[in-house]
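The same chain A turns up in both complexes below, where it pairs with chain B and then with chain C.
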Partner chain A sequence: MWSTIVAIIRVQWRVEMRQRVLLWQVAPFAVMALVITGLAANARSIARTEVGPGLVYVVLVFTTLLLIGRLFSTESSSLSSPSFAMLAIDGSAAYLGTVIALAVELLVVTGVVVAISGLLFHFSAMSLLVATPSIVVTIIDLTTLGVLFGALAARPGQSAALLPLIALPSFTPVIIAGERLLTAAVTHHGAGQWWGLLILMSVVYGGIGALLYGVIGEL
Partner chain B sequence: MKNLWWRALGPVTLISLLLTGWLGLWVTPRAQEQGDFARLVYLHPAEAWVGIYLSFGTAVVASGLYLWPRTRRASVDLVAASAMEVSVVFLVLTLVTGSIWGRPTWGVWWAWDARLTSTAVMAVLALGYLAYRYSFEDPTRRAQRSAILALISAVNVPIIHFSVVWWKTLHQGATVLTPGASIKIHGIMAWTMLLSFVAFTLCFVWMTRVRYLIARRAQEGASARLASAIAARQSESGA
Partner chain C sequence: MTVARLTDVVVTRDAFPVLAGLSWTIEHPGTYVVRGGNGSGKTSLLRVLAGLDAIAAGEAEVLGHRLTATGRRDVRRRAGWLGHDAPFHDALTVAENLDFASTVTRVPRERMADALEQVELGARSDTLASRLSAGQRRRLGIAWLIMRRPELWLLDEPHAALDEGGRQLVDDVVGRAVAGGATVVLTTHHDVSLSRIDGELIVRGGR
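== the complex of A and B ==
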């Protein structure tokens, strides 16, 4: 199982190293989206600490969808999914490998987004440091859910609008919890109860994904 | 006997809905604080019951039955799809009537209230299921994948619900199913509200059955067209 997970992570990262989509497309998109949403929300005149955390997560959700859409469009076009099934690769290992690879890629983009949000919304370095564990767990949750829904939505010729439509409602609790914890960190208030929800989501959807990923791939 | 029940269902549903309307609009008294707007209590909670719990629940149970090998039938899948379509209708109606009720109560058409928000998210969830379902050509793949999506969504429904409730709420508490069993509605108002639940439940059964019959006929028609096309091709190649 572990060798499969490592192999999948290597494949995903090798694709990224060759295409450099994360560096040249996804990260600039995320930064641009953060600036535009900040302008749209008129973050200059309203309380930045109230609007900033929400905008950060809106951008991260769109970035997640972008990365997942790209991952599964690459897999559909290169026929790597059918070859997984033919090679009898363990579905749960494939799922965990994909989640880990994508979560690391997303965390890199998140690092850039959070650093720039500190400049744009005047979050202190210390508050961002305090928020780091919750940001990491939120990104893991988004990836766990996103890969599961990405597998469901993935088909050659499938409309790109389907993934956001089926995934966004399920992202809602994660976004709320992540936003509350980031707001708590920048305003120095406690919001410990939201940790429970984040961890519950990781466990529930990690379990469902590990169980169903292989089954979905075969249907 | 079974046929008679199904034939009577439509008229019985219509009569119960008309009776609810008559009692709700003319027989029951105006409320002290909310005036005539309180009459929405005979409409809005019953719609929410059908949209959030009954239809969505039926779709999820039918999806589970479809995934279970012993109960896997095309008819069960069609029941799931039909119930989800009815769920979308009632979820939208719940949002519309909730918004109409919210305007005089809260002063705005839309508030970032927990129940409004979670109902809107559920409506998108149900719409996503339908969009996903109708993106497939092959009926077997459509049924299997849609059933998985319905079950995954079902796991998420309580999480969405509680997350939004913890986040923010303005909505009034339960009227009937209160924690201390202290019912806040009495007399003719309580009976009318109870009747509205019965009427809307019957309406759900009738709508789901009609939608199921339409879907089944469409599927039979598609199968018949495919069979005749194959037969025509075979006779062409034979000639």
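== the complex of A and C ==
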């Protein structure tokens, strides 16, 4: 199982290094979306520490959807092909490998988004440092859900619009928890109770994904 | 052991019966040819034999596995497929693609060099799959089958996109696989120059 996970991660990153989708498509989209939402919300207003965390996560949600949609559209020909199915790859290993590879890529983009949000919304470096663990777990949660739904939406005959339709409602509790923890970090208030929800969702979503990913391929 | 036994098999796609009560038995390993016009159900038959499609009615057993969800996965572990689709990632080289496939299926990587030589792609191991011609991609698919050594080879129009040398290569590889005890089922529109054909099925309207 571990050799399969490592092989999938290695392939995903090798493809990324050659195609530079993250660098030339996903990261520019995330930065532009953040700046535009910041302007739309009037980032110079005195309430920027209150609206900023929510806007950061709105951008990260759409960035996640873009990255996952891009992954499965690039891969769809091979993922849904008979030849790929004939490899009979263990579903759990395929899921975990894809989640790990994608989560790391998404964390790279998140680093850029968070750094720019610091400038845009005047978050201090220290508060962003405090928020980092919650941001990492939130991204992992988004990826565990996103990959599962991405596989569902990539099945033959499904519309590309299906991914946001089924993913966004499930992302909502993750985003609320992540936003509360980021707000708490930048406003120096406690919000420890949200940690439990965030970690619970990591375990539950990760477990469901590992169990169902292979089943989706059999549908 | 009977290689495959299909009895009144029905397979539907979007509520349309692509196989409509087809029965066929492959008793012994050997070379079997499936003929039929476009849309007759040749590829659908191969997909059932590969464990790729579930059957809606009838009974099917391949390599000793009944084609339930678990049985189909077991069949896929023992069968090999060569179809029209691109089985490899365009952004990976020939060697990287085979390396990935062999890692996830636990096929010895040491078989790669010989397999690539057999399909005359030995000098192309560092070429990106995206830069291969249609015929070379087909040869790469054959190289993977040579590496994997499946018990059941399912070849969907294996001579398509190949030049004369490529077609001869397919026939040679099929001959060696059968000599090694495997079963090869291939679909075709054309006459084939295989030295040995053990059975033939003509499919019309999914039957």
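One rule holds for everything that comes next: the second predicted complex is superposed on the first by the 207 of 219 C-alpha atoms of A that agree within 3 Å, B and C clash if a C-alpha of one lies under 4 Å from a C-alpha of the other, contacts with A are read in each partner's own complex, and residues count from 1 in each chain.
The criterion applied here is as follows: contacts are C-beta pairs under 8 Å (C-beta built on N, C-alpha and C of every residue); 3 or more make two chains touch, one makes a residue touch a chain.
All of these numbers come straight from a predicted model, not from anything done at the bench.
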{"item": "First, second, both or neither for A:P173, with chain B first and chain C second", "value": "first"}
{"item": "First (chain B), second (chain C), both or neither touched by A:L129", "value": "neither"}
{"item": "Which superposed partner A:L148 touches (first chain B, second chain C, both, neither)", "value": "first"}
{"item": "Partner chain(s) touched by A:M1 [first = chain B, second = chain C, both, neither]", "value": "neither"}
{"item": "First (chain B), second (chain C), both or neither touched by A:V203", "value": "neither"}
{"item": "Which superposed partner A:L211 touches (first chain B, second chain C, both, neither)", "value": "neither"}
{"item": "Partner chain in contact with A:R14 - chain B first, chain C second, else both or neither", "value": "second"}
{"item": "Interfacial residue positions of chain C with respect to chain A in the complex", "value": "14, 47, 50, 52, 69, 72-73, 76-77, 79-83, 85-89, 91-92, 96, 100-101, 103-105, 141"}
{"item": "For the chain A and chain C complex, residues of the former touching the latter", "value": "3-4, 7-8, 10-11, 14-15, 18-19, 75, 77-78, 81-89, 93, 157, 218"}
{"item": "Touching residues (chain side chain B, partner chain A) in the complex", "value": "121-122, 124-125, 127-129, 131-132, 135, 141, 144-145, 148-149, 152-153, 155-156, 159-160, 162-164, 166-167"}
{"item": "Contact set on chain A toward chain B in their complex", "value": "148-149, 152-153, 155, 158-159, 162, 165-166, 168-170, 172-173, 176-177, 180, 193-194, 197, 200-201, 204, 208, 212, 215-216, 219"}
